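Chain naming follows the written order as A, B, C, D and E, and within any one chain the residues start at number 1.
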Amino acid sequence: MGQFIQYMINGVISGSVLALIALGIVAVFKATKVVNFAHGHLILFGAYFYFTFSVVLSEAAFMPDWIRSWDPAWLQAYAGDAAMFSPKAAIASWVSDLPRILLGLIGALAANAVLALIIERLVMRPLLGQSAFAMILSTVGLIWVLEGSAGLIWTAEAEQVPALGPNFPIRFELFDQNLFLFSGSLVNLVVALLLFASLMLVLRYTRSGVAIRATAEDQSTAYAMGINVPRVFSTAWLVASTTGAVAGAILASRNGLSPAIGLFGLSVLAVVLMGGLDSFAGVLIASMLVGILSSMAQWKLGGGVAEIVPYVAVLVVILIRPHGFMGQEEIERI
Amino acid sequence: MITGHFKTDYSADEGIWSNWPKRWGLVAALIGLAIFPFMASNYALLLAGQIGIFIVAVTGLNVLIGYTGLMSLGHGAFFAVGAYTTVAIHHEWPLTFPLITLVISTVVAAAFGVLFGLPSLRVKGLYLAVATLSANFIILFLIEQDWLAEWTGGVRGTETPNAVFFGIELVSQQAKYFFIMPVMVLMLLFAQNLFRTRFGRALIAIRDKDYSAEILGIALFSYKLKSFAISAAYCGAAGSLWAYFFPAILPEDFGLNMSITLVVCLVAGGMGRTLGPIFGTILILLVPEMLKVVAAAITGGDATSQTWVSPTRDILFGLMIIGFLIFEPMGLVNIWDRFWRFMSRWPFAK
Amino acid sequence: MLSVTQASLAFGGIKALDDVSFTAASGEITAIIGPNGAGKTSLFNIISGFYKPQQGRILFDEQDITHLRADKRAELGIARTFQNIALFRGMSVLENIKLGGHTRLSTGFWSAGFFYGEARREEARLRAEIERDVIDFLELDHIRKAPVAALPYGLQKRVELGRALAMQPKVLLLDEPVAGMNREETEDMARFILDIQARWGTTILLVEHDMGMVMDISNQVVVLNFGRQIALGTPDQVQANPAVIEAYLGTSATTEATATEEPA
Amino acid sequence: MALNRRTLLKTGAALTAASMAPSIVRAESPHWRVAASLPMTGPFATAGQLVAPAFSEFEQQVNDNGGIGGRPIRIEVEDSGYIPRNALANFQRAQAGGDLHFYYGDSTGFMELVGPTLTGDNAVMMGSTSFASALSDPANRPYQFMAGPTYEDQFEILLRDIADKGGKTVAFVYSDTEFGRDPIEHGRRVAEELGIEVVLEEVTRAEGADIENHVTKLAQANPEYTILQGYVTGVWPQLIGGARAFGLTTQFMGTFWGMEKIIADRVTEQAGPFLDGYQGVMPYRYFYDQEDAPFYRELGEFKRSVNPGFSGYVTAWELEGRLCLELWKLCMERVIEADKEVTPDNLMAELGAIRNWDSGGFFGEPVNVVNNKIGQGRVYRYDAESRLYNPVSDWIQV
Amino acid sequence: MLSIENIEVAYHHAIQVLKGLTLSVEPGEVVALLGANGAGKTTVLKAASGLLPLENGSIDAGQILFNDSPINRVAPHELARAGLIHVREGRRIFAEMTVEDNLIAASYALTGRKEKPDYDAVYAFFPKLKERAHQTAGLLSGGEQQMLAIGRALIGQPRLILLDEPSLGLAPRMVDEIFDNIARVNQEQGASILLVEQNASAAFRIAHRGFILENGKVVLEGPVEQLRENPDIQTFYLGVGEQDDKKSFRNIKHYKRRKRWLN
């Protein structure tokens, strides 16, 4: 039982990251009806930008020293001689990293936003009015462009990036079993869920939310009613790219920075369809489910099986519910 | 000038080689195909072989996506099934006649196609695409399993047999070329014929308006399954040729990358047209190679420059795909059509 | 020829059809009228097999077809057209019409792929037959090779009729064949419908808003309102029925002209 | 490089040559031609990009010294993206471009793919990044060799080391690639022989693996030793970091591609000294170990001379590629010296005849080439303070 | 107000729909645009409201002026904000949103203007909508949906409304009510209206002028009173029939009675 809960926790944590990634795919789909196959690579760029700002730039000569490592006296006093990996040491080192983490996050958000706007403007906008199929395939083409560009800019080195939150193990006992989780993962969980929830609230209760929902339902009518639909498209891409940047930072700090992040985004597509392409709530459920199932598969069946869990799950779900958990069925009038 | 082809009866009007440029174009293409290997290097033959195999597979995909309107991102799996069936047959019965193996591989792939096609009754569009993509991952996962490793070689892949025709082993790429090309030509003709008769028309009808097809007496489910089976069979045949063509196969050859490449070939060439897969495959498989050759000529094969050359190549390739979708969404066939329209009217109009 | 007995159909509590019964006699034209949302198209859908009625039966030539799939019904000889034109937009007029012959051909997959023997002969035969019975008949010869998507609306409707005709149906269901047509096109269409009836003795069911045409050409009229059948009889009987006037034409029953122009 | 008329002409010529050149009209090249596929993109791009410059330097160094037998060499490098099929195309394109005297492959997959085609006129002597056991097979793979022990050998060295230290339990953690799986079966067998229990076999992604779950499983199995296989730049540092943070005491071990100092250093610098104590098997000396290593000193000097910013350290990965080239050069020289024709068969015969070769630094002791491999290695341990891998065993022969 | 001069429109650069069409709407006017299905009526409205590019259509020649400035390439939302609002065929309400949210979405037409959205005015105009303000719009009846569609336009305080088939799919009684509302909009709000209709008699009840469209061209135009008297219009659009003998479809001979205005 204790073990079961351990893997539940692991599953929920990775599920929350899946949800954060899926969020971007759904946001773009709802507004623009484009399924962005390149979302994983947008995340990859977010991760690399985070690395660039938090590691490379923070160490640049022109940066003040306190950005690279902020080390005020009180912090030293607090840290004292805490053992490595102890909560105290972890918090102290996180605080001293804080300036560069913030720099990294702000930089990644900004840079990724610019990137998304460029993509939206140069690639997606000219395809307006073209078939959904063409748009999807152009995002596939985008994968090559982004992957190549990343290789050109960052020479594909595997790097370490600072975690968003202080990272120390939290241990507790449940059903006579020692359980643990990393505090950093907990922070990631909270960040992911907060982003998810705030976006849902914005959509539900603000005037801009109404505009976005209107566009999601009927682009051309919204356009004809005075809603600046291209701006809504850009907004959706902004939402995708900024949440993607956070997701990238989380993934990079959790599992290491590497081009594989891009492909990981592709597997999230299965999760998105499982939840229903146009339903945030459905996608949240699907993310958690896949996170937990993968974690359980990892536990009982090993890594190879865990890899295909999202695919098996989406296949089963789609067969039972052809539009995912909460997707809207397109009604065909005869 | 190629204006005015007058027909005297309906069956002439139905013919596919209805005018002389088409007839002579075909003859010229066949002659070209036949003499090509005598002038080409191994490398050119490697590319030609791959292109021939891919054309077969993309034609299969065309049956499904282009003609029946069902999306698939999982056709790499059928490719894999064809290839591994061929390997497995030779593993059990080393001396099987290659054409028999080819047929069996095709049939096995078709059976998998039916299996994959089952969701297509309920699921459409992107959902179907992801369902097939999932199936692709699952099939590859199975191939990698240890309990199948005796036949598949597991993750490490396996060596493949050479085709042996009446005691002649096809070892050189030239010899393999002469195995691949006739199969390709026949399978292209078969597809071309299919779509001017009842069967093919039914598939197109499903693509254009499925409920309308249904009230004309076309059994949707059965035809969708048949379409999946045919398209899988083409990919299975391609897989079998692939196994004969390459000295070894690996599961990862048949992953998402291949499935997407197949779709990209189809779109670049033009969906729902026989020539589409041919044009698209040639373009998509040759462009990266040409870019390589160009890059090598510019940099002289210098190792250090490779750090920027290969990413740049990826970028160019991606941009080409996007450019295609923006400027020529109907594919290369459309350019071809425009060219012929121009030719047939010239010099009377532009 | 075709009879519907006590058919009911509901979508999540909303009754689209409620206890509808009538018989379309062989070789006659039966019109189904009623305000929008009255269940006319639903009735067509249960006859052609897209929906299965929750209650009731549908008999065709004495045979119970209530649970038959749509394509099987087509094989029996039930053809239909759609309110919103449902042509195959990627094909030419000729190919569209050829598809109507689908059930009458037998070419299998193999002979199709190799295009030998039976396949070749059959295609030629079909082509000749279509030219005679459909293309000449409906005066479509000038647009034979045109892609349907580029045709004007009225012609598309006619091509769709042609496609149904190519099935050589025993029963022909026409869903608003003249909706959105001007007077001239309406007259053409009415003439074709009557000619079909005269030439092949086809049983025709017709959903239509154009009262003028309905009352003129049909032998029998079924009136639906909110899924219920409120009247059944000859055009004259129905026109005089107060329930029909109340439901369909509005209390004032203004003029026949307004009703005639009731849009799609 | 600027695009001018000459490069355009060259491009045109190259395009024609690559597509059409019949094999008969190959001109006698003034160079010894070497070509290579490297993973400049894809999952192992870091390795490819670090190794690529070494090929240019080798070319320059050899040609500065008068080439081989008076003839200069020419090295052409291509990207494969770590996709075997691409590498095969690269190889055949290189072959189409004229006589090819050596080829360097980028993966086990490629070596397996190309292996059966290396017959008759198509044969080329071939080294690679791979230490896959299947390549140490002169009967079936007469033209392919490896510059060190196989992964199986390396695994065996580690397991023997564990047995020597009285270890009882071990976990195998490996990536889901042919490279990751290569030695696992052999490892199981050897562990059984040595009486070591394999308490966990964990398959992970080659990059971006789900660290938390893997660490959780590792914690449950709680092995004394954990052997990591099939990683290059990623996953293994995160795994060790996670396990350390969790408080696991298991001793982590790795094989050649997971033993690179610059990766370990970078991790230490950015995330703390948790790799301290990590150990693994390595066929060569590290570059900083230049005692009795004239070759290393020479290489260092050369590097400094062409690149003033040279850090003084050469990656082990680069050394591997370098060693393949050196072995080929050695065989070339011996063939030419013996006044034999330069053919793949003659080259491989010379390779197989290498006995007691003093590598001048790569290996600690003179080595032999047996079964197209060099079965020698040593266990090193990483010290986070000095940032060095220090030897903890003697040179072990397998 | 709106003047369309000789425009040619094609979809996908292949299917030409409008072939040199000219029409105009003066301030305060209700103009009816009649024609058979497929004649290009809806395309005219899309061309005027800038929606063509979304369906891969393009204006290949000619000019459209709104308040004397050319709008061929102006984006739809800019036009809406300038007071040109398109109420589309089939109502196109946002079915998953509440009535209120539908109106809020429509208030974007006021962006950049000093007027504030006056929801109460719309509710006053259509009291039924107020009752249902918090209901999901998809659950409204057809007539109510049409009111919502017009209400959405009103929020934007339009100068010109392009109204596409407001009677579509409505029962005759509902049609009367909607057309009364449209007349009120014109009179009380002073908005000009370009009305596309099938239902010619209903349209003529409220329109001042009319245009007849066939095959992408205007074939007849004039004040409504004049059009009503035109025998062709009577036959083909008003269904008055061949006056004298009660003509039946059964009696149609196999020859066609051709319109006088055609070619």
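To be clear about the criterion, a residue touches a chain if its C-beta (ideal position, glycine included) is under 8 Å from a C-beta of that chain, and two chains touch if they have at least 3 such contacts.
Computed from a prediction, not measured in an experiment: that's the story for all the values here.
Path length between subunit A and subunit E in the chain contact graph, taken as the least number of steps between touching chains: 1.
Common neighbours of subunit A and subunit D, by the contact definition above: B. Centre to centre, using the average C-alpha position, subunit D and subunit E are separated by 73 Å. Per-chain CA centroids place subunit B at a distance of 49 Å from subunit E.
Taking each chain's centre as the mean of its C-alpha atoms, subunit B lies 36 Å from subunit D. Residues of subunit E in contact with at least two other chains: none. In subunit D, 40-41, 49, 176 are the positions where the chain touches two or more neighbouring chains simultaneously. Residue positions of subunit B touching 2 or more other chains: 211, 307, 310-311, 313-314. Within the complex, the subunit A residues that touch subunit D are 3, 6-7, 10, 13-14, 55, 84-85, 93, 147-148, 151, 155-162, 167-169, 180-182, 185, 251, 254-261, 263-264, 294-295, 298-299, 302-304, 306-307.
Per the touch definition, subunit B reaches subunit D in the complex via residues 39-44, 46-47, 154-157, 159, 171, 246-248, 250, 252-253, 257, 289-290, 292-294, 296-307, 309-311, 313-314.
Subunit D makes touch with subunit B in their complex at residues 1, 3, 7, 10-11, 13-15, 18-23, 35-36, 38, 40-41, 49, 52-56, 74-79, 81, 83-85, 88-90, 92-93, 95-96, 108-109, 112-117, 119, 122, 134, 176-178, 181-182.
Taken together, the subunit B residues at the contact with subunit A in this complex read 71, 119, 122-127, 130-131, 133-135, 137-138, 141, 144, 211, 256, 260, 263-264, 267, 307-308, 310-322, 325-326, 329.
Residues 128-130, 207, 210-211, 213-214, 217-230 of subunit A are the ones touching subunit E in the complex.
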